[in-house]
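Below, chain A partners chain B and then partners chain C, in two separate complexes.
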Partner chain A sequence: MGNMSLPAFILAVCTSMFRLSAPLLFASTGEIMSEKAGVSNIGLEGQMIIGAFTSLLVSYETGSVTLGLLAAGVFGALSTLVITYLGVMRKQNQSVVGLMFNILATGLTTYLYRMIYGVSGVAPTIDTIKNIHIPGLSDLPVLGPTVFSQNLLVYLAIALSVAAWYILNKTKLGLCIRAVGENPRAAQAAGLDVIRYRAACMLFTGFMAGIGGAFLVVAINGRFIDDITAGRGYIALAITILAGWNPLTEIAGSMLFGAADALQLRAQTLGFSIPYQAFVMLPYVVVLVSLLLFGRNAPAPRALGMRYEKEGR
Partner chain B sequence: MNSKSFSERLLSSKLPVILLAVIISMLLGAILISISGGSAPAAYRQLFLTPFTTHSATGDMLSTITPLLIIAIGVSVAQHGGLTNLGGNGQVVMGGIAMALVATSPAAEALGPLIWIPGFLCAFLFGALWGMIAGAFKAYIHSSEIIVSLLLNYIAAQIISYLLRGPMMAQGVTVPESELVPEAAHMPTLMANTSANAGIFFAFGLLVIYGVFMYKTRTGYKIRTLGYSEKAAKYGGVEKSKYDVLLMAVSGGIVGLAGGMEVLGGQYRLVEGIANNMGFTGVVVALVGLLQPVGIALAAVFMAVLTVGSKYMQIMSKVPVALKDVLEALMVLFILWGFSLNLKRRRIKEGN
Partner chain C sequence: MKTFRKVTSLLLAALMLASLAACGGSSSSGSSGASAPAASSSAPAASGSSAAPAASSSSSASTESTESTEPESDLVVDGVALLLCGAISDMGYNYGAYLGLEKIAEMGYRTNYTENIADTDCENMLRAFSEQDYELILGHGYQWAEPILTIAKEHPEKYYFAYAAAPCDESEIPENACYLQALEYEAAYVCGAVAAKETKTGVVGIVTGAPAAMQVGNINGFREGALSVNPDINVMYVMTGTFTDPAKGKEAALAMIEQDCDVLLHTCDATGTGVIDACNEKGVMVMGYGGDQRELAPDLMATSIVVDTAVGFARQIDRIADGTFGGIDKAGFNTGVVYMAPWGDNVSEETVAFAEQLVEDISSGKVVPTENLVSYE
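What follows is the complex of A and B.
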């Protein structure tokens, strides 16, 4: 790898960029939806971990990656009920609930993994999903191997972002979701069930985060490892802010961090004189620097994270 | 109204909720152990009794109380002002790096325990710098201090990884660790052949200072007002953004002291796993202890028992140590649930 030419290097980074941005894209598309409805879901990281673990368990035991992905989405969605109940319905501090949820999810998946597959021995692995070949497009120079030879989930992630943008901005459902997140009182007066909208958006978020976490297993690692998400849930939270809660901008944001991630993976093997740790921390540094540059006074939904009293005074 | 009696009443009415939450979490944990094929009574015996019956485990427990207590104090300072410091792991790392730089220098041999003063000063400064970054993001960019402080953990982990494999690596070792702290500068040992050290007195001393500062001084009162209501604090002339930066800096600085202490006791050198995820456990200690000095002390002892006991449980019963994280999170979630039910009862009364 040490003698890769520069164009080949750039091409390789671009190819990985698309793949590595997908988990962030799934998770942040979900998060935008729940935050638009006014719920600050710090538990994104935990939902991703649950998705990653479930996808391995189900894919490995049934031999079907599709089932594994579905199960990851379903369990990710169901797990949000904890946060919805305590953070929305019982009006506890959503940040604290989300943080504890993350500790719980990490602990529980690690515990179950060790119990089911043992501490030592061979780690269960699954075959990662294949990239697709689009006749014609995949054979294009440059664009072919980078953009048009990814796995289906990568395209699905982008498509869902676009769909989320459409729903939020062009449909009545989107209008209702935004109303619930901007001014719950008024939304309630207009006959909307605020809690129900928030719970539904949280289920969607959990489903998306579950798929995002599963992506790490079924499309990248092929197995479940400790700290598999490595803070991607928190990076996705930052992307949500950076994108100004706009699913289209969010695609660009996810690509940026995908690129940083791809760069650090590739650059480590290039044998620069810079210590490899500098590359490993690159995605996190990029997040913070972009928050610094673009995150100032991002237009957050007005009722984000606030407790909502039904019969308010 | 006297603020002390108020806080005491608050604690006493919440105590049953906390105890119930602990019991329910333990029961759920027992169910989890049972369905995964273990023996819950045996596992819990090892979890709760070993730290008191085995010499080395008792030492481990005492030496674990110290960082948990210090971190929880740091976290509480920020939490009082309405800020959540999730950067404990990174701040411990930064404090540890600072202390190792000072306490493994040639000056340490000559100065002995006197080296602790510049050592802790630097540990505080390094931790404060790390916490301050999150505070500044909160104050000036309006980014969540939760996300920023957490992401900083990952950056700190890479910094220590580099230092211990590069400039700070001890000579003649193959694992990433720093030079030893000279014996003259060690924290005095409390129990022979264990890691228990005098740092625990330092931690409890800090807790007293924290209690007095937070509940007996004007500044402490201001900070607590800020946590209760941003608006009220504004009318009272408290500048929010200034306090965001300052509080996160002080919070990070205190947590950094825990990192410094870890270098002076225990392994007597900087190791890569210095934070050992205690940054999060410290948040749990602060929350379970309701940010109150007595509560924090009790919660720190309890969490130290869980932390040390779970290691023995894993060795003896093969129940994964991760159970500790499950119990810890369940406890806080059930406490929040209990409080929310209390809140409702109070509201109904008010309504009547």
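What follows is the complex of A and C.
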């Protein structure tokens, strides 16, 4: 039935895989950093939606997408202070605080959006960023249209994942972060300020999640809609675990999810008589199965989600 | 210091609670943007002629529009509530319903609405509204079909209607419940026929949200309409599984456009705005849903399937007044609940004439699209 040859179909899936996985990539890179430091940041979804909202607000008002992105990162980062304060400093249950934060963020962004722009038939819209064209590379056969014709943020997402891997595994800073997440007491004995490290990692997470949420506005839709992130924060959480807290594996994990989603949307157009639910759940099934296959032996940071008492037992 | 910490913790907790309420509950009070009145001020419940200058702050001259509904507001219905599963900012289906409610408010009725209700909360929200002073409650969408059946039995003194296909046999529907089943598929049929006339590649597509009865009907209507014009046409469809994810809608549309699809219809609310985005990006003809969505794609929007909630409400109020309320109310083109938005300049004159004739033929019963709300394969 399809009007498309198989190679063209696969190319299309690969091209769209990058677009679909970029927001997840940003968010899960951030999440790896905070979890490595021992904070279980369930508020990823909330930080993403705050980023999405801020990017629209700032891009629309200033006309600069770059400013919008920066603001998305900054506000995403600042928003983690709520979780850091309650979940890290005040030692409340991090999952509960994170979930509450997500609800807060969804409600708050909707509220602010309506307060500023009201409700109308056409929402404030910004021009989305364009795909780049690299002379030479973009004209390659296969790789050109897929790998070398994405927008800049896609490359940034991948680069930041690699950078996060490098920092975590090859630098002293990374060693300190991991120490704080594995054995905070020992880290403290070595003179590290555990709380400060965790707070800083949370800021980084929020920054990344903010950019991830902003990707939806800036690179895909150009406008903000209630709950625009539609659960991507939770998927990014799953990818973090699936990847075994390794940013390089996480690139593969995000791409896998993106590819499965791109595939299911296209497979549907071919008109197979399979219930649509089978298609829609494909990406989630892929993640679950990979989690079963590869996620079992992943060593979680030992102090992940645990409250840290400076003194005492 | 310690008390300071306690106080801050408490304050933060309170903030979170407040946001919980703002997000889940009736956000009407919160969303008091320029054009989002909470509309819960109490108008005198007296007779229609003295109907209070409606609830919304801006509408003052409302007396003239009350005439058509004057007899009904005598006692039967005074308060009208609208419950939505999506957000009124979706620029389509839910936004259209919200506009409809505003019109109802201008007629002098007391109105209120709430939005973003999770599927699992529908029943509780209905119960909450039933306990308040609203006589007529609309659940706008397939999610309300079952809950209304339950709550209507609990509150026999109230009237309920769902904009949805009935979940049971007509005889099992309580007397105070009604299923307004707009014949959207008639409009989808016209869209399909127009798409088939306008396509150059012979591939057209429809993006939908979930396999609810009306959505399934739309796929079938669209396909039948397209095939009626060109039996060799390739009709694609994608079920996105969501009404609130524009990024996914855009990707679904791009997937179709990659495969040479050059006319698209969406029927999935906020997800559909993504479909329109994709068409804008690729310069492809698109058809909207819910309300007239021309502003989202001024040059590419061929038409929209408009669902007029105001007419839907007025219709039910009339039916309550003359005692015919209840059961399944099928409303097609000839009732004004569903109609086609004005045609765009990108549609050829010949096609527009053809489409207008088709709408007329369907209203008069000369052309009868098949109703199939069950299977779309």
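Observations on the model:
Just so we're on the same page, the second predicted complex is superposed on the first by the 304 of 313 C-alpha atoms of A that agree within 3 Å, B and C clash if a C-alpha of one lies under 4 Å from a C-alpha of the other, contacts with A are read in each partner's own complex, and residues count from 1 in each chain.
The rule is short, and it goes like this: a residue touches a chain if its C-beta (ideal position, glycine included) is under 8 Å from a C-beta of that chain, and two chains touch if they have at least 3 such contacts.
Please read these numbers as outputs of a predicted model, since none were measured by experiment.
Annotation for the three-chain superposition on chain A: chain B and chain C clash. Of the two partner chains placed around the shared chain by superposition, chain B is the only one that A:Ile42 touches, whereas chain C remains out of contact. Judged by the touch definition given at the top, the superposed model places A:Val96 against chain B, while chain C stays out of reach. In the superposed model, A:Leu108 lies in contact with both chain B and chain C.
Of the two partner chains placed by superposition, A:Ile134 touches none, neither chain B nor chain C.
When the shared chain is aligned, chain B comes close enough to touch A:Tyr234, but chain C does not.
In the overlay built on the shared chain, the residue A:Arg266 is in contact with chain C alone; chain B does not reach it. Of the two partner chains placed by the overlay, chain B and chain C both lie in contact with A:Val82. Contacts of A:Leu192 after superposition on the shared chain: neither chain B nor chain C is touched.
In the superposed pair of complexes, A:Leu304 makes contact with neither chain B nor chain C.
Aligning on the C-alpha atoms of chain A brings chain B into conflict with chain C at a single listed stretch, 272-280, out of 2-10, 74-82, 272-280 or 344-352. Put simply, chain A uses residues 82, 86, 90, 100-101, 103-104, 106-108, 110-111, 114-116, 119, 230, 277, 280 to touch chain B in one complex and chain C in the other. The residues of chain C lying in touch with chain A in their complex are 5, 9, 12, 15-16, 19-20, 22-24, 27, 30-36, 87-91, 95, 98, 116, 201, 203, 205, 211, 234, 236-242, 244-248, 250-252, 254-256, 258-261, 270, 273-274, 277, 281, 291-293, 295-296, 377. Partner chain A is touched in their complex by these residues of chain B: 32, 36-37, 84, 86, 133, 137, 140-144, 146-148, 150-155, 158-159, 161-162, 165-166, 280, 283-284, 287, 320, 322-326, 328-330, 332-333, 336-337, 339-341, 343. Those residues of chain A lying in contact with chain C across their complex are 1-4, 8, 12, 16, 19-20, 23, 82, 85-86, 90, 100-101, 103-104, 106-108, 110-111, 113-123, 128, 216, 220-223, 225-228, 230, 261-262, 265-266, 268-269, 271, 273, 276-277, 279-280.
Of all the residues in chain A, the ones that touch chain B in their complex are 42, 82, 86, 90-93, 95-97, 99-101, 103-104, 106-108, 110-112, 114-116, 119, 230-231, 234-235, 237-238, 241, 275, 277-278, 280-281, 284-285, 287-288, 291-292, 295-298.
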